[in-house]
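Two complexes, one shared chain (chain A), two partners (chain B, chain C).
Let's turn to the complex of A and B:
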């Protein structure tokens, strides 16, 4: 099976090739974009990059903000540590 | 393969290095969790000749809980976590292996949940996750969370492993699955845990996740230095290019 790098290279290469065709206006006449669309084609890689970065920042930021701090788990554990110490000592364990 | 639940045995691999404070507590919690559900179990303690004499504590626990429940497989020196697991599997008599840290970051109360999840669809691996449902971590400051979140996002984006927590080390494996994966995996540390999941997916093993609350170690020293970040990035690139 192709590695992740190969998969990425394949998809990236294909998309880049399609973009280059449109950039150089080599596409079949039937696929000719309207003038408005033609104008933004050169900027598309930049737009994609910015969109990806913005999405990444938002995804990381959101998960950072909603991260579960598990305060109850820590308190529960502290209680259990007391129980464990008491029980172990009662059984003759030397800490 | 449908397993007969009553015949299942769970071998916990507990590598220790300077855990004399934590070991009795984690073992007590493990015994309580297993006894409450009447599971067959053994706890294999792999101590690498810890300077704090963890082994002395382990011996006391063995005489307290019995040699069939507490198995000591010490090694003469600090040989690292990866080889500790290999060493442990060799001596495990269970058909399932649970790997976890002995520093109380991983609470044994989740083990019955792992087992129930495993039995649902006879999964090959059940992995604890800090990044889903009620999962999370206690004792992390903002920068620790940011590093963890970013590292996880990068791994998810680059490797698309279909598992939410790649670097966790609280997992249940079928013994033969773990043995097979240990043969395949070459990385160390966090990257090793990540490689186990990625290779498991490639080999077609099935995996389920259970949310866990991770409580950062109370006793002993914690380390997450700049070096670890570099090692992680390198490991991620390695897996991106090779899997």
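Let's turn to the complex of A and C:
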């Protein structure tokens, strides 16, 4: 099983190789892009970048808007602290 | 619980992300297929700016992050030098 780094390198390398071939116009003649598509190709990395930025921003915004207090977890933690204190006191630890 | 301000800021962030993505996608991916004389073309900058604008933002952003790191590092180094008088002077701390 390949590691995440290997997977990423493989996919990223393959995609950028294909992109470079099209950018430098080295693709087989049968795959020649239409004028409109050949206008899009140079900007594709920036499309990916902008999409990633927009996604990150929306993820932060969504998590911020739906941020939750964890009341139950807080209660549980305080209970555990109490238990630990009692246990340590019983064993002679002084706070 | 998320306060009203948190919700507002979160919603604004989501909206900014959504608008940016839709506008840029339309600009880059849809506009080449639209007729050059179509009125939609008036709402977008000329084609080369699809690369120039995000490129400049990228360079500016990375520079800002690097400057921020440099500032923090040099400030920490100065504080450390001030705390230990025998250490070499702060202005001799190597740049990172």
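Assume the second predicted complex is superposed on the first by the 69 of 95 C-alpha atoms of A that agree within 3 Å, B and C clash if a C-alpha of one lies under 4 Å from a C-alpha of the other, contacts with A are read in each partner's own complex, and residues count from 1 in each chain.
The rule is short, and it goes like this: contacts are C-beta pairs under 8 Å (C-beta built on N, C-alpha and C of every residue); 3 or more make two chains touch, one makes a residue touch a chain.
Keep in mind it's a predicted model, so treat the numbers as computed, not measured.
When the two complexes are overlaid on their common chain A, residue A:60 makes contact with chain B and with chain C alike. In the superposed model, A:69 lies in contact with both chain B and chain C.
Of the two partner chains, neither chain B nor chain C is touched by A:48.
Looking at the shared chain after the overlay, A:40 reaches chain C, while chain B stays out of its contact range. Touch criterion met: A:95 reaches chain B, while chain C stays clear of it.
Legend: residue contacts after superposition of the two complexes on their common chain; A:18 is shown touching neither chain B nor chain C. By the touch criterion stated above, A:10 is placed in contact with neither chain B nor chain C. In the superposed model, A:80 makes contact with chain B only, not with chain C. Counting contacts by the rule stated earlier, residues 56, 60, 63-64, 67-69 of chain A appear in both its interface with chain B and its interface with chain C. Residue ranges on chain B touching chain A, taken from their complex, read 24-25, 28-29, 60-61, 64, 104, 107, 131, 134-140, 142, 145-146, 149-150, 153, 157-160, 202, 213-215, 218, 239-243. The part of chain A that touches chain B in the complex is made up of residues 1, 3-5, 8, 56, 59-60, 63-64, 67-71, 73-74, 77, 80-81, 84-85, 87-88, 91-95. Across the complex, chain A is touched by residues 1-2, 6-7, 9-18, 20-21, 24-25, 28-29, 32-33, 47, 50-51, 54-55, 58 of chain C. Chain A meets chain C in the complex at residues 35-37, 39-40, 42-43, 46-47, 49-51, 53-58, 60-69.
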